[in-house]
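Structure record follows, encoded as structure tokens.
Chains here go by letter, A, B, C and D, matching the order in which they are written, and residues are numbered from 1 within each.
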Amino acid sequence: MEKTTIKEVTRIELKNPVLVEGLPGLGMVGRIATRYLAKQLKAKKLANLYSPHFPYYVLVNKKGSVRLLRGEFYFWKNEAGENDLILFTGDSQAQTIEGQYDVASCILDFAERNNVKVVVTIGGYRKEVEETPKVVAASPSSELLNKALQAKAIASPVGNPIVGTAGLLLGMARFRKIDAVCLLGETRGYLPDPRAAKSVLEVLQRMLRVKVDLSGLDEEIEKSKGIVERMKEIEERREKYAQKMRRGEEERITYIS
Amino acid sequence: MEKTTIKEVTRIELKNPVLVEGLPGLGMVGRIATRYLAKQLKAKKLANLYSPHFPYYVLVNKKGSVRLLRGEFYFWKNEAGENDLILFTGDSQAQTIEGQYDVASCILDFAERNNVKVVVTIGGYRKEVEETPKVVAASPSSELLNKALQAKAIASPVGNPIVGTAGLLLGMARFRKIDAVCLLGETRGYLPDPRAAKSVLEVLQRMLRVKVDLSGLDEEIEKSKGIVERMKEIEERREKYAQKMRRGEEERITYIS
Amino acid sequence: MEKTTIKEVTRIELKNPVLVEGLPGLGMVGRIATRYLAKQLKAKKLANLYSPHFPYYVLVNKKGSVRLLRGEFYFWKNEAGENDLILFTGDSQAQTIEGQYDVASCILDFAERNNVKVVVTIGGYRKEVEETPKVVAASPSSELLNKALQAKAIASPVGNPIVGTAGLLLGMARFRKIDAVCLLGETRGYLPDPRAAKSVLEVLQRMLRVKVDLSGLDEEIEKSKGIVERMKEIEERREKYAQKMRRGEEERITYIS
Amino acid sequence: MEKTTIKEVTRIELKNPVLVEGLPGLGMVGRIATRYLAKQLKAKKLANLYSPHFPYYVLVNKKGSVRLLRGEFYFWKNEAGENDLILFTGDSQAQTIEGQYDVASCILDFAERNNVKVVVTIGGYRKEVEETPKVVAASPSSELLNKALQAKAIASPVGNPIVGTAGLLLGMARFRKIDAVCLLGETRGYLPDPRAAKSVLEVLQRMLRVKVDLSGLDEEIEKSKGIVERMKEIEERREKYAQKMRRGEEERITYIS
């Protein structure tokens, strides 16, 4: 395999499809959100993406089976609404700089072939979140950005870098005349963060006018809370210790100079 | 040399050949097993594989001669049984991510050209082995996996990553309509581990119905035992020391917080 | 995006154009100088350069918009003088070795297509500058080098490496029969250094016989002075501390030997 | 520049040319030897090799001029003997794994085009040399190896890795039906080592039946001796110190266990 390759599983005519992308990244927000969406909508497999830029191992599945790391395209026929959905998630981001651009490019090739006119990418936004995480939006299209803000996202601060596939799709979509918006759920980012994923899905639902039951995420949120609390304590303790050390060092430097 | 290249040494018609692969890796299990097999079967050289993804040095051989790092294909005509064998081993794994995919792809090109329908890859499985090492099996084909389990392998736990060529061949074989199974010998992995290689070969013999005298490995196992014992002691001592250190640190942190 | 790509924004006939290049690097001298020049001359966008060798993130702009990292070509019609200008600046240097050569090559392709016969590259030259920074010049063309020296640059010491795009353009221009010269402003290099950029622009003005008001840089220089002073103090303190440590170590070594 | 490129400076018919290669590496032995040879023989420039795998900077020359890093081919017409010489040296080795194979391949392309049938590569062999450094030889051709041994080289130990261009040329030459031998001068390797270069040239002279005055190297050897002595002292002191530390650590570990 010399090149990133997309293998179609089925061919289907889709109605004004919107592509929603979420890969592993900060707080796993994109992946949790997109996978949950695919599961709830009972989306069906459309295609797999394989790439020599993914890590060079295979994973053992449930039944002792084995597969390459891959990206997965799912589709969902939206009988009631205007836009069918294509969902893209996967095991990993590309591992090299050039690989990142290549994989994003292949995803957009596939989007173009399927007449996608709008791409929504999902990721995490690092923040010490106390209450319900907010959703930060950015888009090269002011129209799409407004739609996100109306759906209760907040505008991204200037200079914020959006790293990886979620970012590159956003930047590269315009060369294909595809509109794109990024929704980033606020997250501490240490651990898989279903709470941030839920916030993103709430905004996404409003934007796409698709109704999905999000209560299934609440259980995962409960589970993760305990872990997060424990992590926070350890971190605070470390911070206090580090402060003490820094204070000591400053004194030493002051003394020397 | 811009690309991975296979240079054929001889051309020969093979009967339903099975490809057995074992490169250097964890505990050198794959390489030890495959080389021993080639030696015992008096397998003959079929082809060499050269790649710009191998490390950039050459090795001096016995007679002061020199050669590039390479992979080697051997063949063995199985007069009594159903399947001839192609054995693949070599000096090194590919050194870059993209190189790993490229080399695995070239090996499968060669397998396809030789009408290989089944690939067996060999590697190590990290574990604190006390008794005889078990052999962990995984396969995208439930039929092949069952064959391995009947040959006294155990099924791989879920989520186990199989790294390098042994893994990628497994994942990429299906695109060529080739069946593949991976046999991983349990090993501490610090040192070349002939004991793990022997366990794998015992399973492999049963699977392929090929009888090979494995007593030649026992001598190497004896030699390696002394080293392993010594390594274990050093490690235990280190662990005790590290525990003591950690305890001290915990006390300090508790005191500070 | 598999390759570095230049997307033209407009097409225009330019009169003996000179290309001035300044990307982020030591002290940000090249980027500050080139951007300031573009702003003062009210230069217009000519083209954008995108590359899979740039970092794999996108940046959020003022209005919440988003774009890929890129290089930018601007042009300026020099009504009074002999040479129109093309200015090239951007967000980043290429991130891999091969990428550096590739991006420099694409810039020269574009220069050639626009009949550029002279390239001026701008960068920083690491030095503990006390007074007004000098400008160090180097060129494969003795004629251009003399022009720079007449414009009050000083000749580069032998063996000085010029790293990145500013250097490679210089080295590769000759294969296109393009003359090139590099102007490096002396800078401590820790921080964006508008003072070094100003020195370079003073030399450049004389060389190109283009008059630009540089007073806009003075404000930035004022702002940066405070920061530089503070940095210097910290550094001196560190140096004293390090000396003390080294002295201690030497004593120890002397004692031991 | 996307690919390694050779630019011919002149075309000339050469008589059974032998290619001698020496790039920077351990103790700079290859580069010192090859450059000295080119200078003594008043060899003339034949071609330059440029590569995107070399480091991405340019160097300032004597007259303030600038050039890309490059490899250089020189030729020498051997009026008295059987073989003209092509000498290859340069500023740098390729910086990536794939680049190393690519550059070696291009050098052999050039050798083939010039009807080279024998390649001699030069490098360093790490050893704590006390007396006159020996020259270690290795070759895929037993005939050439014997020639080297007759010229007072010694055979390389088994398993010795020959790293970089000197090694890869040796390994890759056979695919072009070119004979190749490597001469490695023993060197501590810390510093440019003209003494090791001289030893290699003495062997090379005998092999090629070319007489070169090597006294020019003696001055450099004198200069380097002082530095080497000082380095040795520092190192011995460090070693004593490290031993003391290790002894302390062993005691501690013994105590704990």
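As a working rule, a contact is a pair of C-beta atoms (placed from the backbone, for glycine too) under 8 Å apart; a residue touches a chain by one contact, two chains touch by 3 or more.
None of these values were measured; they are calculated from a predicted model.
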item	value
Relative to chain D, chain with the most remote C-alpha centre	A
Interface residue identity across copies chain B, chain D - same or different by half	different
Cα superposition angle of chain A on its copy chain D, in degrees to the nearest 5	180
Chain centre separation (chain A, chain D; CA means) in Å	51
Distance between the centres, which are taken as Cα means, of chain B and chain A, whole angstrom	36
Shared interface positions of chain D, touching two or more other chains	none
Interchain pairs in contact, sorted by label	A-B, A-C, B-D, C-D
Complex interface listing, chain A residues touching chain C	97-98, 100-102, 104-105, 137-140, 142, 145, 155-164, 167-168, 170-172, 175, 182, 253, 256-257
List of chain D residues in touch with chain C within their complex	1-2, 7, 52-69, 95-96, 99, 237, 240-241, 244
